[in-house]
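Below: a set of structures, written as structure tokens.
Each of the two complexes below includes chain A, the first together with chain B, the second together with chain C.
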Partner chain A sequence: MAEPRRFYLWVLPALWCLVHSATPASAAPLDRAAFAADLCGDGAAQVRGAEGLVQAGGDLPADDLAFAGRLLGALAERRLSCRAEGAVLLDRPSASEGRDAVSGAPRPVAEARAPVLGLRQRAALETARGTVALLTGADPAARGAGLSVVERRIATVPAAVLDRARDAETDPALKGTIAGLAQAAALSSPDPARRRAAIAAVAASPSGTAQARLAALKSDPAYTADPAFRAALDAGLAQVSRAVAIGDGLAVVYNGLSFASILFMAAAGLAIIFGLMGVINLAQGEFIMLGAYATYGVQEAFRRLAPGLLDLYLFAAIPVAFGAVALAGIVVEALILRHLYRRPLMSLLATWAVSLFLVNLVRVTVGTQNLQFVMPAYVSGGVPLYADFVMTWNRLFAIGFAAATLVLTLLILRRTPLGLDIRAVTQNRDMAACLGLPTRRVDRLAFGLGSGLAGLAGVALCPIYSVNPGMGSGLIVDSFMVVVLGGVGSLVGTLVAALGVGGANVLIEPISGAVAAKVIVLVGIILFLQRRPEGLFAVRRRR
Partner chain B sequence: MSGGVQTALAAPAGPARRAVRDPLVAGLVGLCLTAAAGLLVASPAPYLVNALGQLAAFAILAVSLDLVWGYLGILSLGHGLFFAIGGYVCAMHLLAHGAAVTGVLPDFVQFMGWKSLPAYWAGLDHASYAFVLALALAGLVAFVFGFASFRSRVNGVYFSIISQALVYVAMLLMYRNDTGLGGNNGMTGFPLLFGWPMGSPGVVTGLAVAALLTLAAVLAGTRLLVGSAIGRRMLACRDDETRLRTLGYSTTRLKLGIWCVSAMIAALAGILYVPQVGIINPRVLAPDLSIEIAVWVAIGGLGRLGGAVIGAILVNGLKFWLSAAMPEAWPFILSGLVLLVVLVLPNGLLDLVDWRRRPTWLRGTR
Partner chain C sequence: MTHLTRRGVLGTAALLAAPAIIRPAFAADTVKLGCLFSSSGTMANLEGRLNHVVRMAADAINGRGGVNGRQIEVLTSDPASDWPLYAQVGRQMLQQEKVAALFGCWTSVSRKSVLPVVEQNDGLLFYPLHFEGDENSKAVVYVNSPPASSVLPAVDYLMGPDGVGAKRFFMIGSDYVWPRTINKQLKGYWTSKGIPETAWREEYVPFGFSNFQTLVNQVRSFASQPGGQAIVVLTVVGSSIPDFLREFANQGISATDVPILGLDMVEADLEGLDTAKLVGHLNCWAYLQAAKGERNQTFLADWAAYVKAKNVPFSADTVIDPMVSAYDSVHLWALAAAKAGSFAVPEVRKAFAGLSFDDPSGYTLTMTGENNYVSRGVFIGSVNEKRGFDVLWQSPNAPKPVPFSPYG
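== the complex of A and B ==
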């Protein structure tokens, strides 16, 4: 559906331009001598010359525009000398020699008589210079500067100038700005047919700004006076509103999905550890933080050793962060938690001590500031999909990352010997031990796996969150709620709960604010636990 | 673990004698009373007096957690919430009282551009109303939350996590500026206490003495409670809740009642704490602070009331000293202390004194 519409959007103005430039009257070149004479004349003549140029600007050949631009520039900078035999361009103000404005022949100038500009003339002159810069500027910056000048006096600039500038523009961002400005100008044009066409054109590319622009027209006198205009406006507004609502809905779904995937990444490791050993790992947030810092380390290593491959550091960081944080987890398990398996509340305090230690270790060694990450092209920017909905690459990265992690973790748990051991110990530790499974070794590996998943969450967070020593504490409460809601030790439950909590947060936030969203989610979870105290998907186990 | 019910239901004795028969608690109560008398007789530097008073408030808070954690096995990671309720209501009273006497509105009211205190502050300039309100509010919040949790048998680590989420959400709520409770800056600048200028030596000493006396009363009261029939039921519930329920006791009602009492004691600590530090802000609701309360109890010794007092005073005393002397080292020392206690002294520092009195539910661990 978008394709044909876009086709018309491009082709129709182009055809229109062709038709218009083919008509002899509008193709007339600039009368250079008369223009120079106007600029040399009195105030009224100067204004006439400048405004005449702006009016004709849409159709003039490029070299005429360049000529006019040189003259206007010289006039503004007082390098234009007006003699009886014609205008002379000087290299610098009050030079003794210059070139004839029209013919370009060198001409001596005894005493320079530079015309003085009044306030009114200056405004007209600026608009004319802006028009020339917009149409013939060498680079997008120059054309953008011209555009901003034109924008200030948009009422005096004919649509043809903007259309021509838009069609010739190569820079996509600037092109969009010009198109928007052209539409806005057309909306307030005196010609009713042109206005209705502009409304249709605005409605064809819906966005929040288009909606606001159209809604503003409702207070226009023509809305009550002209039924055709009213019908066109109402239809256009309805179309835009619908599209904007759909686009906003898509954005909510997308944001909810990305938030859910972050929650899932943060909670997956927690769920495995909790389910297997009954250990609440309060240091999980700090493991995520360690993963992010490992990513930073990989980035710095790339910067030193292989600057050309810097963009790939995020992928290189995946195994590094997983390995480093898994190792940290295994060390914590071996040194501390191993002794506390029968005392879950004490292991909770022990992991809190670990988290306190880690936060302050990073704080002392690296500092408290946010880390600066290089954002490779694949995680910066986004693609506008529909109305105001922009699919940002960094969130897409997080979603894809979480999906890949989910698949891999499920494969590990369901298809590998380690996964079989983990599931056996989760279901019945004593029985598994009787059958000869080294349950303590399984615990250690599972703790490593769970910690490694937190490290991966750290990688996924780098393009989205600010990375600092305190980042873990902001995530830990949310991910605990996900684990409790999902049912301990169930990866699928964790996924569903993450989707639920993430979705609820994103849905409620725009209505009643972030705090209310957290309150409602918490109350919802408490109410839910009234019915299912073990969470959504409790792992069935014997005790 | 199976022997829990029998040991807990051992022969009772008279209530007063039982309180005295715990030499640790009796000693601590005596120490509190001596310290209070000492403060009144000799007047040390106000800084020391104030520190002593704050430590007493923390000790009350620790006792309130020990009551539910040590005797019921319910670890609350959200006890800061009840502490904050007491503190906030106390701060509201101090500000309302100050505004009623001096006619100057608190800073945050002027900051929000309001003309008067919010409507629900009405009557808070009366100390007795504020006191009752603080306790009632803490009890009510505890009741609602506890009812929802205990009825559906959310317990163990689940309960800990949910209570942590509760305090976290409360923190987010209090960071908002439109609640009429000072927002992220909290409430400060209390001018008067019962008409006396805040910060004068008499008020500082009076607050410290009040905190010490309250600590003594709380210790004696909770010791009587845990020594009574209810206390034995609490231990039984902690050691084997299913069995106690099967025997026909309503464990939900028992847990809910003790939980509410504990919350009100925590609120009492908050009421005593805020006038001594002169400020309350949402940071008391940070999950970390609530966990720290559990750390005090664990370090001192779980399930023996006196241990909580010793832990709270030791950790906070160290903190007062070290966070001034070497602020960077304090977190490392605290985490090291926790790990040491958790790994080597599973029953807290009291293990150093007495190995035999380890509670049943901690015996048999590796």
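== the complex of A and C ==
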């Protein structure tokens, strides 16, 4: 790597001079009025303006770039009012007065005409804004953000922009990244050594796009003519393919884990209730929905009372959702279910009625629309980790949440008196009763615990799925599948089954489609239960 | 025409000549209209609104004295997003309640299940959704657009220089008739444009599917392959739409990388989403809330006032195309019934030819005698930061509808 770097130290300035001497016109300052007129023109003019700025970006004075950045930002945010007398910058969309884009003089605006950007214009505008941010950003973070935009559309950005950014960069890490990108941009350079270096640079940051870019070079005449080029390209391609394969593998593991964590959260409470009391709680999905609505309530409370801490509402919602839904569960148990323990079919119907009641209650009181959640930074977006593998924060939140829930539930079941009682009653209800355990009270508390776990699932689902009154119905089938497969009443079995079902879904989906994946998994479970009717982990009990 | 007008004149004259005592009795005599929109189940959030907008339109017509001297009475129902139930409720409304017309259905599968019922009972169903076409029944008025006048212009836009010059297509749909037929027609269309079969992929998900991680991964790897700009043609319905959009944005794909053309995506689907990362994705409908013009402003104000006055459990400031289409449906029916001077379905049907109505979109709807399709304008919308759509493009006029696609 050292060799090509040194080589660049002299070849790039030479090239820079070449660019300058070849296009002397671009060294002139920006024609501000023409630029503003372009941005206010039709789609083609907007693209011309934005692309022209990117092309000239390597040479423009800093204040011209800042001026262009202001205008581009205003256009993107619809604060640019286009009038016959020229463009006007507004402080906010549809403000009644602003400043003339070129002269800066205050100007009243009777009726704002903010152009709507088409996709092509939007892409050109993004590139131009990225270029300006890369060249004039106040801090490394802003310049880095600009760089990531430029990187996505590297083919449309001239080398001069990257060179200027690299030369001006003070942050060593960012400087290195820009240098690497500048190197990678030279894939079609006439200089063979530069090309080889570019291949290595492209291969150094592997992705599907990089793979496609390199694979396209295979049809290049140099591939057959130049053995050194061929060797470099083959090595680079092999490196990228390997990395992409690893990245895809990581994505499969991550997707499987995240789906499994959702299944586990939805099924954990069900497993306890079903295992202990034999009650098939068809309202479990609606308890999850209640948990999500409780989270919404906490968010609204934060918005009213402590807007500064709004981002933390998800954590504050954990105890609230658990408590609220556990209470709802206990009420349902006390009012309805305790009368029906001897009639399991009736209890099934009763919980179904409860689920219908809850859905309609929420529909009437809150409405059917999807709830509006604030997504704090820790549950929105994602970070590209390796090759094409993006780790999305909301799924990571769910995985962590499920793991914590698992640990806590196991602790409760294994280490607390309540857990001991629950385990005793699960194993042999009559014997436990003979030994003086208040089995009815244990039932009630366990039902509360199981419902509370559903409430927690509701919190975990808020950042992932839409929250509406119908959200529970989609989860109930999957969670029953997991509980039955895992072995009724076994938390560890539920975990293993969730991992198995989640993983199987994620593996089959790309091969045979999402519809078939569901069917295949269901058939697989049925076949498995034919061989082992008690599921993966049958709870040992005396009969 | 003259005959009908004469009858109208005679009717009015008779009404005026009649002793005043008869008038209230006459006015109390109502004509019934039936609604088949679910207010529970997967479609509740979307379909539920349409019940109210039909009522609102009927109230407005009643305020002007009703149709043919009779007040309109709107019957609503709840088929609970359960497709066979639509047929059952529809039959009840036609046979027992003797409704003059039905307004209903969202998904094509619900329309297909009601279709035999309205045909057997010689009823009339106004269907307010844009849909896959390839159907032409005397019993159904297709108030929204078939694909030739909604989907194809949008796809053309995306393939053209104003769009992104799309060359490759990832189709994701819910697994039922509408997405499958639309995709079949699109494939035929692309084939006719010389686009090879390798340039598209087709995936279907079950109703109510929400775990889109793997599919979005696939979109990303599809888009990174060579062969030109890729787009997503999204035909999933219901709550799958926001779930897909959220995953798409979270994985860092923006509209300028891979734009989504959401064919069933309406303003109400964006409720609850952070649309800052979704800006630029597209939809296409015969109406967008952002449509310019006074008629739209009036409609929006009317809806807001209606929501407030009647305590309707839906957002006062979200209006979606099927609402406007349902509203248009009632007016079209009233115009036809007034023109026919009768509520009998055959008479009303005969009156459709030549009807026109100025709807909130700003276009004038027209009907011909050829079929029960309606000419309407087309909008392409672009998602903005405020959970709405900006009008990116709109058709210069209302294209003539083509019920049967030559491409599928």
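One rule holds for everything that comes next: the second predicted complex is superposed on the first by the 362 of 543 C-alpha atoms of A that agree within 3 Å, B and C clash if a C-alpha of one lies under 4 Å from a C-alpha of the other, contacts with A are read in each partner's own complex, and residues count from 1 in each chain.
Definition applied: a residue touches a chain if its C-beta (ideal position, glycine included) is under 8 Å from a C-beta of that chain, and two chains touch if they have at least 3 such contacts.
Predicted, not measured: the structure shown is a model, and the values here were computed from it.
Peer 1: Clash or fit: what happens to chain B and chain C when chain A is overlaid?
Peer 2: clash
Peer 1: Using the touch definition from the top, say if A:V515 reaches chain B (first), chain C (second), both or neither.
Peer 2: both
Peer 1: Scan A:F259 for contacts with chain B and chain C and give back first, second, both or neither.
Peer 2: The answer is second: A:F259 touches chain C but not chain B.
Peer 1: Name the chain, either chain B or chain C, that contacts more residues of chain A.
Peer 2: C
Peer 1: With the two complexes superposed on chain A, say which partner A:S207 touches: chain B (first), chain C (second), both, or neither.
Peer 2: second
Peer 1: Look at A:A62 in the shared chain and tell me whether it touches chain B only, chain C only, both, or neither; answer first, second, both or neither.
Peer 2: neither
Peer 1: In the overlay, answer first, second, both or neither for which of chain B and chain C A:G278 touches.
Peer 2: first
Peer 1: Could you tell me if A:V407 is touching chain B, chain C, both of them or neither one (first, second, both, neither)?
Peer 2: In the superposed model, A:V407 contacts neither chain B nor chain C.
Peer 1: Tell me which partner A:N360 touches in the superposition: chain B (first), chain C (second), both or neither.
Peer 2: both
Peer 1: Is A:C434 in contact with chain B, with chain C, with both, or with neither (first, second, both, neither)?
Peer 2: Neither chain B nor chain C is touched by A:C434.
Peer 1: Tell me which of 2-10, 38-46, 110-118 or 398-406 in chain C produces the clash with chain B after alignment on chain A.
Peer 2: 110-118
Peer 1: Would you mind listing the overlap between the chain B footprint and the chain C footprint on chain A?
Peer 2: Residues 359-360, 364, 473, 514-515, 518, which sit in both footprints.
Peer 1: Which residues, counting only chain B, touch chain A once they are in their complex?
Peer 2: Those residues of chain B that touch chain A are 69, 75, 145, 148-149, 151-154, 156-158, 160-162, 164-166, 168-169, 172-173, 175-176, 287-288, 291, 294-295, 298, 328, 331-332, 334-336, 338-339, 342-343, 346, 362, 365-366.
Peer 1: Of all residues in chain A, which touch chain C in the complex?
Peer 2: So the residues of chain A in touch with chain C come to 43, 116-120, 122-123, 126, 152, 207-209, 211-212, 215-216, 248, 251, 255, 258-259, 262, 359-360, 363-364, 367-373, 375, 380-382, 384, 388, 390, 392-395, 464-471, 473-474, 505-506, 509-510, 513-515, 518.
Peer 1: Hey, which residues of chain C end up touching chain A in the complex?
Peer 2: So the residues of chain C in touch with chain A come to 39-42, 44-45, 48, 158, 161-165, 175, 203-206, 208-211, 213-215, 217-218, 220-221, 224-226, 239, 242-243, 246-247, 249-252, 254-257, 259, 268, 271-274, 277, 279-280, 282, 313-315, 382, 390-393.
Peer 1: Given the complex with chain B, which residues does chain A contribute to the contact?
Peer 2: Contacts found on chain A: 274, 278, 280, 282, 336, 339-340, 342-350, 352-354, 356-357, 359-361, 364, 473, 476-477, 480-481, 483-484, 514-515, 518-519, 522, 525-527, 529-531, 533.
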